[in-house]
Amino acid sequence: MNPLLIQVINPNTTLAMTETIGCAARAAAAPGTEILAVSPSQGVPSIEGHADEAIAAIGVLEQVRRGREQGVQGHVIACFGDPGLLAARELASGPVVGIAEAAMHLATMVATRFSIVTTLPRTVIIARHLLQQYGFSHHCAALHAIDMPVLALEDGSGQAQELVRRRCLQAKREDGSGAIVLGCGGMAALAAELTHELGMPVIDGVGAAVKMVESLVALGLGTSKYGDLAFPREKKISGAFQHLN
Amino acid sequence: MNPLLIQVINPNTTLAMTETIGCAARAAAAPGTEILAVSPSQGVPSIEGHADEAIAAIGVLEQVRRGREQGVQGHVIACFGDPGLLAARELASGPVVGIAEAAMHLATMVATRFSIVTTLPRTVIIARHLLQQYGFSHHCAALHAIDMPVLALEDGSGQAQELVRRRCLQAKREDGSGAIVLGCGGMAALAAELTHELGMPVIDGVGAAVKMVESLVALGLGTSKYGDLAFPREKKISGAFQHLN
Amino acid sequence: MNPLLIQVINPNTTLAMTETIGCAARAAAAPGTEILAVSPSQGVPSIEGHADEAIAAIGVLEQVRRGREQGVQGHVIACFGDPGLLAARELASGPVVGIAEAAMHLATMVATRFSIVTTLPRTVIIARHLLQQYGFSHHCAALHAIDMPVLALEDGSGQAQELVRRRCLQAKREDGSGAIVLGCGGMAALAAELTHELGMPVIDGVGAAVKMVESLVALGLGTSKYGDLAFPREKKISGAFQHLN
Amino acid sequence: MNPLLIQVINPNTTLAMTETIGCAARAAAAPGTEILAVSPSQGVPSIEGHADEAIAAIGVLEQVRRGREQGVQGHVIACFGDPGLLAARELASGPVVGIAEAAMHLATMVATRFSIVTTLPRTVIIARHLLQQYGFSHHCAALHAIDMPVLALEDGSGQAQELVRRRCLQAKREDGSGAIVLGCGGMAALAAELTHELGMPVIDGVGAAVKMVESLVALGLGTSKYGDLAFPREKKISGAFQHLN
Amino acid sequence: MNPLLIQVINPNTTLAMTETIGCAARAAAAPGTEILAVSPSQGVPSIEGHADEAIAAIGVLEQVRRGREQGVQGHVIACFGDPGLLAARELASGPVVGIAEAAMHLATMVATRFSIVTTLPRTVIIARHLLQQYGFSHHCAALHAIDMPVLALEDGSGQAQELVRRRCLQAKREDGSGAIVLGCGGMAALAAELTHELGMPVIDGVGAAVKMVESLVALGLGTSKYGDLAFPREKKISGAFQHLN
Amino acid sequence: MNPLLIQVINPNTTLAMTETIGCAARAAAAPGTEILAVSPSQGVPSIEGHADEAIAAIGVLEQVRRGREQGVQGHVIACFGDPGLLAARELASGPVVGIAEAAMHLATMVATRFSIVTTLPRTVIIARHLLQQYGFSHHCAALHAIDMPVLALEDGSGQAQELVRRRCLQAKREDGSGAIVLGCGGMAALAAELTHELGMPVIDGVGAAVKMVESLVALGLGTSKYGDLAFPREKKISGAFQHLN
């Protein structure tokens, strides 16, 4: 059996984070799965708002296109805002899964309500909109932000990680929820340890999304090419976006 | 590596259907997964309403308890109403996934909206309530019933299967949805072929639920035992339910 | 005029609670109404979670069937989770009303928003799901749990009752709601006194449900036997559930 | 025991309709209940839109005030738009129940979904808004209008009644609902016969509301005077509204 | 070009407040717009509940009718509960805009979520219902009441204004919202200054509604006279309401 | 008084469409408003799906940045999907209004429910998501697609325009709505004529958005720079996106 090749796209340009995410993806992958961790050659070093997301979405599209040329069978968008998710699905034939989406879906299968712990307060609205779009507004008990930028998770000090830990403990005490969703791809490495320390599921979306893609491929399910996720209509794309043709 | 043992519970007492479901589960299972397809020794031969579901839920609880004794690591409830799902989660430490739930979750990852094709009109309300509880009311474009009882799928005539096929074709033409969810465990065998014929994802919940359980176990995630899915409070259960103590 | 015979089902097996509930039902009943307070011969002594509810639902079904044989004209399910409500409706021709449902409906007629005071934190999710299913999520300002098991209401110490009282006072001060719904059949005796002490409606579901059944019967309205609450399709029910045939 | 005195307010000025409504109320009332059927001395002869409703609301307030002076213990607003409902609750200490509200609440207790049959298409939006406010949007399968003015129900020809009947039959065939709510006080007399003919609950709000008021009074529950339904703040009301002081 | 004549209706009878509102309207109006600030000759001096609103709605209808005779091209209802809004739209051919509505709409265009600061706690429910009806429940982060009657804003002491200011500051600190909506026509004069002091949009509905009416008229859009906002059906209105014929 | 300078961004690269949109904007603009109609130098010639939207969003951001340098005081995003709306708001200090948003908001002020007529079936899901995000799902009676690509509106044949006209007539007959929203910037020129022919408001978003920006600027309201729409955090943007720094 040929290995299953899954492309895990870090939508920002920080390679250390691509590494973190790649590790988490590999740790979650099944024996026969190969992880191709990539990031766009240009864009933003971290995604902390709507404009960052808009830029990152282009990087995601480029990578999805490239991934298809390389024969990957599925794609993970490894940023908690799931930037460019529906656009990427139009370009892909295999499944495309976002890490926010994957973590939220799985959270509803192990608990009746979950909490989210993310980085900056300004990204909370992005999570809120995703909850609404995916149908999980009523399943989320509370959203927390540690008020640190995304790249603080990569500064080696462990300070951001410690804040995440404390917020998770606080969420456990106060929210009345049964699981916690980690709201940033850069937190992926913390899930197992926190699950153990808290005694409740703490869910990382990177691993979750890898499993979702593996599952969909195994079931013979790709992105629907019938209806509104069909390949984009052919048209002349110009300028810096030509390669998306 | 020890194999992963997943218990697939057909909540009704019709062994032919347990077989159908077991086959679909095994077809979807990863190489290292072993499927234990079971059904309750007593209960209803098919589940076609709320009272049938209430009876079936007890069978599900019995099997979950037995499964834990047998060392299974996860459980699938293989009836489209997901009978006893939250109750079963209280009894389990590993993940418990219903086939309606699993199919609906995956459908939202491959299409923006999906249709459901089920058996009897009277079970449509059960699917409707699940859509609402899971958060997917806005993701479901339409619900269809072929107006045949569940066991017609097991009568060997193929007539029910043909009606399912026609309804799927009709749903494709009329609903404006990008995927179809098969609304009965007994339809599991049809998914692959219909996916091929229709050229759009047709999703069987049995396979989907097996993959969800595999995914959760691989990620080290079981049912949250913190909060409202904790093991039931100890109490003296009497009569026919003593074995649930 | 023959008396109206209403069956009030305590879905747990604690006879003291059946008594409490029977008293509350009789206190609320109209002159021409006779209350038949019953409880299942087997099951759980208290209902404090989803598994307890699943077991209790079977007891409810048995009693509904027995009640029909005895000629009762309507049924009350006297546990705040309304266990087995839709299943019971399938078995009944007269009306079946749950006490959570009844209390919530009436609360919306005397106040714009209400609070709920229940027993254990783990049952809050059950109330939440009922609010969503019945359509009252936006009418409920807050849910409170006194963090005592159900049977503490029957231990004679009055401690649980005092905690209920304090929570009601707190709810009045903090929630901005105009009425309080008591979230357990065992609290039925407290409603009148608390209504008086708090100077705002404190609603017990047992009395409320009795009045709803009386009202429906008087209006000539039973459970709809057209559509998805029709009597269950005939099938061979086996084992411990045979008597539900 | 003193009789319970319930004021049934026809918010329009058509006395024939007050009569129809009074009859339906009396038919539904318990032995010890006395019905005081009233209508405003000035206002609109029928209520078929938002402006009619605004005018009718004043008549409702006048009557509620008068009713309190006369010692009535509860009030029914007998127009399907429930005009002035929350305002009337502010003025009353006993319960105030609208007929749309009452019929919708009871419908959800006898069927999983209901249909509404009303008079003019332009009043459908009023019913829609009530469904949303009361929380029943998801419980209503369809809204139908016979496209006849309200007073056609009082012209003696029976034509409007026949159209109602036909629409009910159509609703039964097409909507997949288990009960029908009659969407006009003037249709009150039809409920029993249609329930019989259709073999499913057809619900008139007038009777339903009378039973709700009886129930609330029997339970010792009046409109909450704590919070936002407290009596209006004292202020100098001028002109034609002075009597509302 | 003829000036655009907009009628700004203060639905209460306090002339000082009509003045305040008229000033705010004129400050917001475009060069070619003339503001006709009016109030009903009879009614309530302030609107602080549902009954006050019902009375005020009649005054609104009278003024809309009078405004049409005077040739105004659009109408503003300058009370935060938007009393009589849909009824007024039936009577008008030009646009009718409520100040709550206008402020909420604009708030969603400058911030992802907004807070509301209003006068009395008992009016919070009115704002809540409007949020639900207009579709903005999820866009409102919090509702605050200063717990002062409406006319305290007109007593010259500035105390109410100071409380509004403090609540706005508190809302900025605590709510996680990006804009504040002032919940009373009498607060109109505060918006500009508070916007400046807080460094975030503080929105007054009076100015907002004037701009909405100007916009609609400029676009050639009046109230739809097709469908359920068509002119009321002709009927004999009696008594004090005759002039609404 | 200096003129108000509003930038109207056609997010696609088809200059004929920029022209159409610019004309509609100028026709709606107040005397003192100057319209700067622009389109990105690179991107997609039409926007007919999620991937097109993602590309167009970058063009919108570039133009917003450029517009700020040119001193424009507000921005319109003239594509019915409102691509890049929240991202653009982060970059802007003045108001940014999308044409879908503007048309939908105004539609709710002139009718209780509206219909949408758009181009391709595959863009219907985009409108659906906007309705949900903006809060208008319940205000939209139906969505229609003429099944023609966007640029058919610019081919000079008038065929697409005729299909729009027919769909509007059909919507009027069948939907029970009181207004129609035109679902494409390229349909802007049709609104006035169709409003006249249909006798009900047919709303073009381009004009609507211009009026919203004028209104916000006149009220001194810009995009909130407090909270989650604050300017993006400073970071090194690389490659083709450097100019967005």
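Here the chain labels run A, B, C, D, E and F in written order, and each chain numbers its own residues starting at 1.
Basically, a contact is a pair of C-beta atoms (placed from the backbone, for glycine too) under 8 Å apart; a residue touches a chain by one contact, two chains touch by 3 or more.
Since the structure is predicted, the reported quantities are computational estimates derived from the model, not experimental observations.
Enquirer: Using direct touches as single steps, what is the fewest number of steps from chain B over to chain D?
Expert: Step count on the best path from chain B to chain D: 1.
Enquirer: If you average the Cα atoms per chain, which one ends up farthest from chain A?
Expert: Taking each chain's C-alpha mean as its centre, the farthest from chain A is D.
Enquirer: Could you grab the centroid distance between chain C and chain D? Build each centroid from C-alpha atoms only and quote it in angstrom.
Expert: For chain C versus chain D, the centre distance works out to 27 Å.
Enquirer: In whole angstrom, what separates the CA-based centres of chain B and chain F?
Expert: Their C-alpha centroids are separated by 44 Å.
Enquirer: Would you kindly tell me how far, in whole Å, the mean C-alpha position of chain D lies from that of chain A?
Expert: Taking the average C-alpha coordinate of chain A and of chain D, the gap between them is 52 Å.
Enquirer: Where in chain A do residues touch at least two different other chains?
Expert: Residues 86, 89, 112, 121, 124-125, 132, 137-138, 176, 227-229 of chain A each touch two or more of the other chains.
Enquirer: Chain touch graph shape: choose line, ring, star, complete or other and state it.
Expert: Graph shape here is other: it fits none of the named patterns.
Enquirer: What are the touching chain pairs in this one?
Expert: So the chains that touch one another pair up as A-B, A-C, A-E, A-F, B-C, B-D, B-F, C-D, C-E, D-E, D-F, E-F.
Enquirer: Looking at the complex, which residues from chain F come into contact with chain D?
Expert: The contact residues of chain F facing chain D are 112-113, 138, 176.
Enquirer: With touch defined as at the start, can you tell me which chain F residues reach chain A in the complex?
Expert: My answer: residues 13, 41-46, 48-55, 57-58, 61, 84, 86-91, 120-125, 129, 132-133, 149, 227-230, 232-233, 235-241, 244.
Enquirer: Mind pulling up the chain E residues that touch chain F in the complex?
Expert: Where chain E meets chain F, its residues are 28, 30-32, 86, 89, 95, 97, 101, 105-106, 108-113, 134-139, 172, 176-179, 192, 195, 198-201, 203-204, 207-208, 211-212, 214-216, 218-229.
Enquirer: Could you please specify the touching residues of chain F with respect to chain B in the complex?
Expert: 121, 124-125, 132, 137
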